[in-house]
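First the structure, which I've put down as structure tokens, then a few questions once you've had a look.
First chain written, first letter: the chains are A, B, C and D, and each begins at residue 1.
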């Protein structure tokens, strides 16, 4: 099937590769044309001008956008002059689902379609396939089925869910039409919200294992904290990289994120290459915003997000105020970090 | 290898089965002897009296306890008269690691050994194998290696962690000697603490997906909440069972708990069989206690635990006080649930 | 000074009264004219038609809106035809500060001004005075000073803050110009966000005091929870109404909310009149939204909000999913509430 | 009334002063005798040897301990030889209520009594009086009434709680017999747990006010975070010291902690003297432990505690693991802090 691809960063380039390997006809474009050129050897047709999509793709045309969320609106405007009624855009990036609603509204009077597609898989997707969460009009989503099927992982070796039989559903192959415009990015948003909390859960747990030895005689007392009532309870030196490994097999908490944790801790259990300032992209925030607006309790998802803010020092003033209050009522001195 | 097994509940009986299938010589005991008898056909030797372990097991003897945490101390006392120096007990249940320290102290002067073994796997362990987290004296743990190897899942089809090569470590086979007495149950405790938060993260996320339609015109306004500023943002009807399914393949949040979520939601997306009062066993609490005592921030693990308390109505009085205060300062009436 | 007042609910009527008592000329309007009429005996001029404001108020006119947030836009439209350049509206209700920006934008080309004023004080404000957080153009805020001064509590008997001397600032008298349009409602929004967490803190603490006796011999064991390791630590029967009272004097946590807690608990320590479903108005949500958008960690403010959502059953599906997972991996049965 | 006082730190010395001013006969002891000597001018009798209490106090003797929690047990042992049946010790420090149970058990066979007294008031207590939460045998607490009454603030100018009339109860005078041994420190423990969350609530709120300007044009974009969707919503420069001041009068969130916040922010709104590493004493931890053990949801109290741990860097490894995972699945680089 013919497909255009705009945006050949880490994600976009690998997705094009996966489509090419599946035999699809890929016309690729990147602002920096070298990235498009790099895919020519693998079978892609590289273009230097968005206008070329018109001639290079069979109508109705399908152009997949894999660009930063903030750039989507601009790219859509740039593309519009080169499209015809019936053509469709697929926004496969990390857009806010509310922007999908705006973009679809912009395209509808022109006879153009928007499909929103939340894409999970990261740098591993080329090999593992991408999990796709799709929103849009049913007939447009339907005609893109070969593309989605090629990008998705397929059933693989993953056992079927209890009670499922017969021909595998699309969800079982790793892609799902979640509903009308925005539904795909909505589901992807919640996916990332969950991801933050899963990551945070492992992070807290491994951090606690790191603290299992604070009662050892060789540890100095810390003036800032109450003394341990029972130091004999905290005299372990847990081999955390091995713990990550053992939990991968047979435990209730086995997961792909745990696999990655095992990778990271095996390489360096001290994680000293990482400074501890953790960025957050939009989805974690949007998930929390949606929880609040819909009145859905989501303390874990939101606290995991706040933890990232704190890691970047955004809570420092709050901490200073706590120290100031302790000084005010108790005369406790807590001056500058040394 | 010879092994005794006390406690043939869901976990214990299946562990005995797995050991028998691996060719071990299992002498089994249960307070209710019918459960022991049931394993005879599968090759076990059933005994009705703890004293029989002495004759039926080769010294040094190894007796595995798979009994409720509260019963472990009593069973140990009952066993002591029937053991000889060099024999060892393995506590494979969900004991608090601090009790391991007490039990080991009780056994040491008698020349008896305690091995603590946190066991994960639940009702699936017979088939999948059990993830084992072990604490105790190295030489005793060493001599039990064939037992642990038989219970553990082995490497299976799970890909090796990046950078690991050569003969697989024990962790790669699903069991790990985590350190001295108590270290096994300590690691298992943290494992369960993480489990609570992972479960809570999925639960919050799927609950949010269930709220994605609150802006639909057919929904009545709720007098207790602020009106939605943008109802058009919440008009989805997300097929949550299919979402659980699609996330199983290729997504960053794939996990065994997600597999089980997919099972449950495929069976009944409304989960109407469940009342929403969620029990908690000891480990989630002990994890939070350890976080507090060691000064380790663990807001996700602890909030997940509190969420279970709340599900059982333990926060109701707090909520009533909030309503009382709203009445006091604003005259808002929030009377009994109707 | 001349002032118009629209909206004579609990807040608006009392504010008019306080202004009348201070000698201001108040022209009052309410959709239901009986409420306006009720203030005539106290010196107000009641009008039945918004058009009358024009004749009854000296220009530049000032009309205070004390109507539900959702109604403000409509009332502004209704008023516009009856106002002249230079006139100003004061939105004293619980509007979102973002709506202030929209409303000010609507009024500006007409030569009309918007002042936003967050108002705290509830049913006690008539007597205690209202804490006013004001946003808008400096010269308009300035000319309203007599009105703000009359509504605010003044310095009262509250000791001055350390280091303050000379003539009291407006903040010391209970009103503050916080910045340009929206700043008043922004500060009020955060005020309410803090309020939720303060209320939640007391609620959790008193609830914990209520649980101080769970180890008493007369308490049945609860099958859903781990047994208490040390029941002898939880054998108190704390007189919580008296505790609220004693904390009012000399303690670090004395506050007006605690005073109200003491009121409520003295009346009925069981709070049985309240059902425990706690409403939330907009500000708590907006505060959390602002925290997320600005990247400011606010776990307490947000968790307090989520606690209210949970009190209304909005977390029930999440709890059901936890039970479903416990059944899936452990065979635990947690069926419908009985 | 005769009273002994051991421990003349900030709290103990001021309490002795308050008792002396009320006309009580105070015999004071401090390990460093200079501190005892300093009180002689104010009417105290300084002793250099614990043995002197016997002669200097009328039986039954009452000796108030105001020493660090960790020192209480030792001081009790030192005192025992110098006491006679019927004498009583008052532990007025920050002891864990569980230690009260141990200490009372130690003293009972000797005919000695323990009274536990949680004391709030900090450096302001000399002037304001101390809020006292008392546990112990009724008759011993009763005979100490003149001492408690002198230390407590009395009714002062604080209005009576609605519905209270007649002679003021002891709670209304600022001291309360909360129950048997340990009940006083239990209530004080929860008091401090609440205090942590109240402080945290204000800290988060003021921190959010500090972030109200992040959309101003002069702010650089932060590469670690999603761009602001609506920078025009965050262009305020809120005068936070004035906000603290205005909230002190007439607002729902007025409190003594807010008064102290106003003090601190008036002195320096940047709080630059404080480094942001916040200590925690035992009570906040014990409150969280009690919440967990009793199955009482306390997410605010506990999260406030964890926030302090985080402020001291105890969450850093968790953050590093988050970065490591982001690198693993997405190739995101988050290296050492610069």
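Basically, contacts are C-beta pairs under 8 Å (C-beta built on N, C-alpha and C of every residue); 3 or more make two chains touch, one makes a residue touch a chain.
Each chain and its UniProt protein: A, B, C, D = Decarboxylating 6-phosphogluconate dehydrogenase.
Since the structure is predicted, the reported quantities are computational estimates derived from the model, not experimental observations.
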| item | value |
| --- | --- |
| Pair of chains joined by more contacts [C-beta pairs], B-D or A-B | A-B |
| Per Cα centroids, the chain farthest from chain B | C |
| Distance from chain D to chain A - Cα centre to Cα centre, in angstrom | 44 |
| Euclidean distance of C-alpha centroids - chain B vs chain D, Å | 38 |
| Centre distance in Å when chain A and chain B are each reduced to the mean of their C-alpha atoms | 29 |
| Two or more partner chains touched - positions in chain A | 122, 200, 202, 204, 207, 211, 225, 229, 252, 257, 263, 280, 285, 291, 293, 295-299, 303, 307, 310, 312, 314-315, 318, 329 |
| Overall pattern in which the protein chains touch one another (line/ring/star/complete/other) | complete |
| Touch list for chain A against partner chain C, complex | 252, 280, 285, 288-289, 291-293, 295-299, 302-303, 305-307, 309-310, 312, 314-315, 318, 329 |
| Interface residues, chain C side, partner chain B - complex | 10, 70, 96, 122-124, 199-200, 202-204, 206-207, 210-211, 223-227, 229, 257, 260-261, 263-265, 271-282, 285, 299, 303, 307-308, 310-312, 314-332, 334-338 |
| Chain D contact footprint on chain C (complex, rising order) | 97-98, 101, 120-122, 125, 128-133, 152-159, 161-164, 169-176, 178-180, 182-183, 186-187, 190-191, 193-195, 197-198, 200-202, 204-205, 207-209, 211-212, 214, 222, 225, 228-230, 232-234, 236-239, 242-243, 245-259, 262-263, 266-267, 287, 290-291, 293-301, 303-304, 307 |
